[in-house]
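Across the two complexes that follow, chain A remains constant while its partner is chain B and subsequently chain C.
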Partner chain A sequence: MASSRELATPGGGSGFWPIFRSLRSALTSRALPVVAVLLGILAIWYLGAVWLNAPFAYDVAARSDTELSFAELLSQTMSQQRPVLPAPHQVAAEMWKTVVEIAPTSKRSLLYHSGVTLSSTLLGFVLGTTLGVVLAIGIVHSRVLDRSLMPWIITSQTIPILAIAPMIIVIFASQGITGLLPKAFISMYLSFFPVAVGMVKGLRSPDAMHLDLMRTYNSSRLQTLLKLRLPAAMPFLFASMKVGVAISLVGAIIGELPTGAVAGLGARLLAGSYYGQTVQIWSALMTAALLAAVLVILIDIASRAVTSRMGVR
Partner chain B sequence: MNAPLAVSATEPVISARDLDLVFQTADAPVHALSDIDLTIRKGEFVSLIGPSGCGKTTLLRVIADLEQPTGGTISVNGMTPEKAREARAYGYVFQASALFPWRTIAKNIALPLEVMGIDKAERDRRVEKNLALVDLKGFGKKFPWQLSGGMQQRASIARALAVQPDMLLMDEPFGALDEIVRDHLNEQLLKLWARTKKTVVFVTHSIPEAVFLSTRIVVMSPRPGRIHEIIDCDLGDDRPLDIRETPEFLAIAQRVRDGLRAGHAYDE
Partner chain C sequence: MSTDAVLWTGLIVWALAFAANLGLSRIDAKGGAKRSIDLLIPILFGIGLLALWEGLTRGLGVPTVILPPPSMIWDQITSSVPTLWADFKQTYLKAVIAGYLMGCGAGFVVAILVDRSPFLRAGLLPVGNLVSALPIIGIAPIMVMWFGFDWPSKAAVVVVMTFFPMLVNTLAGLTAAGRMERDLMATYAASYWQTLFSLRLPAAMPFIFNALKINSTLALIGAIVAEFFGTPIVGMGFRISTEVGRMNVDMVWAEIFVAAIAGSLSYGLLALAERAVTFWHPSNRSARA
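After this line comes the complex of A and B, so read on.
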């Protein structure tokens, strides 16, 4: 009775190969546009560096009573100690020095500082994701929680994090808690929000027919949660986790600003701004951006692995 | 599931008296069901037919305890619909297959069994049995999107049968399928019914489908949703598709059509 039209194509199921294949095609089809944009950014960056650093170069030249040729101007705007905007290769050189050349155990190593920031980012992200999922489950199952919690969850994000972060550090410190935990708390405070909002939507995404179906089976709320609501919410979870992990990193960096510049990318930024070390600031910034990109890509890979196991086309 | 309930062939399985259901909507109350009196006996194949808005789906949902009536009484297997639902007295087939896209066909059929807490070996046994029953042997490892609409709907029937209910409640299960697939599934459903002798309540808006499948046809009319007429349909157990050309078949179809028209005339 199964006509050939009805017969399904083989090999669409689960397994490692589909993931690998999709990754490879993603690399080849996306690499070109990404590189094009990167080159564009670099070009603008170089132009900006020349433009913004030129006044200082002219100033120096005027004081020593010399005229600058265009070639001299170019080279001088790209080799200043404390440029307004360091040129990309200056930042790259600084990153190379602080990531590769200096031992990761040294306090001058960006790898060391990244590790410090990453640990509180990840702890805060795990706590925030857990909190967000738990809140969403509560909100979806209880009208009282829906009415009472949701407005406060939204309000919590209207408070400027820059204002509340030092207070959190101070309060934790007064209880003798310093280091990782207060920073992770700030990350959690930021990252629970997209997860909670996304998961409320995701847990409510099953359509009425699926919910009716579970009801005809006399399914308990827990069974409906585990077998219907949570699987249906997976795409929402991963989308909000991508947002969550990025702002977790922001939270961790902000949490490092008021701690007196001990360690971490935030401390590096702060130290750089104290001493006008713009090259150091920009390399810390770029490292943070790269770190965020890596984290988002890791979640994307996890998301692909899960959705391909769930039979998504 | 359990041993079949000890009911004689004439004992009513579903019995509704003066059933009323009014939906409170924002602008005006909607009288979805009004004065429904209906008795369905064990082993019957009863179709509910009528234009949209006549309450046929609502009546099915009341039997399934997916809606609560606002007046009258109804019993299913001698209990309230709620108790019957909790005892998993019926399998429900929706307009769409309602398969979970993240589960394979076999896993979808096993879903109600997981909810019921049936062990893995028995689950696997029932999945295989019901896959064979709807001619989907070998498709257990496919995901729903890899199957055609007709195959998906057959999988959803297998899922309803896996519970081993005495009763099937079917809400326009073939409404979204093309006519050839629909004919085919009607034939299969009839064979399935003849083999298992389950009580079937079947919602449809197709006259040939109702006449072809049913032992009784309940003609309903809208605003308020009510029973206009109940027509016996005694074409015998053996019904090949070309029975639809016979004078007996056409006569019953004509009666249903007249009934629907008379129920509708009220409106104009």
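After this line comes the complex of A and C, so read on.
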């Protein structure tokens, strides 16, 4: 009772408990459910691994005329060379082996492949974001550009670019352009659209009142853009960038499929599917997922930093 | 016609269409006239685009491997209707529609179930948001191993791709009904299911249709890309990857045409359905007035 009264008085207490308490409430209200859901997914994954790999284990046992106890069945479903569904720890072990134990310069290192994919993702993403922002600024300021560019931007997205990624790569290759650029082009094509559409919305988001205020200050269009429109568009920009970076990564991975499976996470997926190396496919997939998560989280952190600097809570 | 004439005709038609559009967009029309102008602008834009494309590719002698002119693509479409139809049936009518219905349905049902537990909702929303951003398309090789080369493996990819956007959007939509409206339902002594069906689901419809629209494009792309990892000798993705290998780019463009038409039509149908279902929403009310 004494401690709770101590907390109730402002400025009272040691200063440690309130922090601990807010931390604990943040943990229980936010982190705990997420952790529980993740653990649930992990449990389902293990059950699925046992269930899907059991037929093969029974098959092996039947051929060697042995009976499987339940414990043996469990351990065998978790340690097959080419399981139907690898258990999470098998994937983790493969990732540990290919990320940490093998030198990043080796072609068997996942770090090397991630680097290849990441470089074209980021190049395409930066180009796409820049293009999207520039287009949006043009569209917001010019009625002619608005009428003439917007239909082109929308038309451009009716072409399922991911579906024709192989053609893009082959066409670029026929012109002697290979490597980073064709993949970055696909990423750019995919990521400029959400940024352009989001930024048009964002640059138009300031109130008429605020725009009028800028006019009474006799500010130029550039000043209005820099001091009012761009700051107002920041939340829209970051939301679109999250979509854009995720889709850039997908574009880069799909772009690696037809390159003859040389390098990159997409090539790793394709090679794994050719040779039935399920553990390799899953580890490439998990790496891609981690990469996407890290990119999205980085943008989220940047977004929080920028918006808190701007005074948004 | 000489190549120069083709080039200039294309450029002039495009410029005329463009100028007409700029003029049309300045007219402040009301009612029926406004509707016909709204229809005319995209048609003129399309005609201008095709003329420009035809004029540039033929006039400048662009190699057909890089970009074939639309007339050549149209010839290819009309001469290979049976192949295109077979591919469309395999990829769209079987894989996409089956996967789309199962994925969206499962996402919706799971969202309704999860919504009863605030703990699960708090856990699933961030996880689902993150999973929606992941390159899920990468599971295609695994699904091909599990479900074989035919369409069920493609449908499975579509199911996984469409599940999470639907789950996240429905969960978000179910919280859209306001406190006041819920209190009103409570004063009516409405049961959980009555509140769900007459208040919360209708309020969630804009979110659900948002997911349905996102998923309609995701589903088509997922099914086509999944075919790159192994397929019987029919299907849009199969056709695209083999014809690229044979440098038959006009056939690839024919498939792209079919894909674009199918994608736009399903998107348009969803938009119409959304208008009919969410007629009460401010964005639709103002469009009618």
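The definition used in the following text is that the second predicted complex is superposed on the first by the 272 of 313 C-alpha atoms of A that agree within 3 Å, B and C clash if a C-alpha of one lies under 4 Å from a C-alpha of the other, contacts with A are read in each partner's own complex, and residues count from 1 in each chain.
FYI, a contact is a pair of C-beta atoms (placed from the backbone, for glycine too) under 8 Å apart; a residue touches a chain by one contact, two chains touch by 3 or more.
Bear in mind that the values here come from a model prediction, so they are computed numbers and not experimental data.
Visitor: Pick one for A:262: touches chain B only (first), chain C only (second), both, or neither.
Guide: Once the two structures are laid over each other on A, A:262 reaches no partner at all.
Visitor: In the overlay, answer first, second, both or neither for which of chain B and chain C A:155 touches.
Guide: So A:155 only meets chain C here.
Visitor: Answer with first, second, both or neither: which of chain B and chain C does A:231 touch in the superposed model?
Guide: After superposition on chain A, A:231 lies in contact with chain B alone.
Visitor: Output check: A:100 vs chain B and chain C. Expected answer is one of first, second, both, neither. What do you get?
Guide: Once the two structures are laid over each other on A, A:100 reaches no partner at all.
Visitor: With both complexes superposed on chain A, which partner does A:249 reach: first (chain B), second (chain C), both or neither?
Guide: second
Visitor: Give one of first, second, both or neither to describe whether A:302 is in contact with chain B, with chain C, with both, or with none.
Guide: neither
Visitor: Looking at the overlay, does A:171 come into contact with chain B only (first), chain C only (second), both, or neither?
Guide: A:171: touches chain C, not chain B.
Visitor: Looking at chain A, which partner touches more of its residues: chain C or chain B?
Guide: Touching more residues of chain A than the other partner does is C.
Visitor: Applying the document's definition of touch, where does A:209 land relative to chain B and chain C: first, second, both, or neither?
Guide: first
Visitor: Show which residues of chain A lie in contact with chain B when the two form their complex.
Guide: Counting only chain A, the residues touching chain B are 1-2, 5-6, 8-9, 12-13, 209-210, 212-219, 223, 227-228, 231-232, 234, 310-313.
Visitor: Within the complex, which stretch of chain B touches chain A?
Guide: Counting only chain B, the residues touching chain A are 64-66, 85-86, 88, 90-92, 94-96, 98, 100-104, 111-112, 114-116, 135, 139, 141-148, 150-151, 163, 184.
Visitor: If you look only at chain C, which of its residues touch chain A in the complex?
Guide: It is residues 18, 21-22, 25, 41-42, 45, 49, 65-66, 119-124, 126-127, 130, 133-135, 137-139, 141-142, 144-146, 217, 220-221, 224-225, 228-230, 236-237, 240-241, 244-245, 247, 249, 252, 256, 259-260, 263-264 of chain C that touch chain A.
Visitor: Quick one: in the complex, what on chain A touches chain C?
Guide: My answer: residues 29-30, 32-38, 41, 84, 144, 147-148, 151, 155, 158-160, 162-164, 166-167, 170-171, 174-175, 242-243, 246, 249-250, 253-254, 257-258, 265-266, 269-270, 272-273, 276, 278, 281-282, 284-285, 288-289, 292-293, 296.
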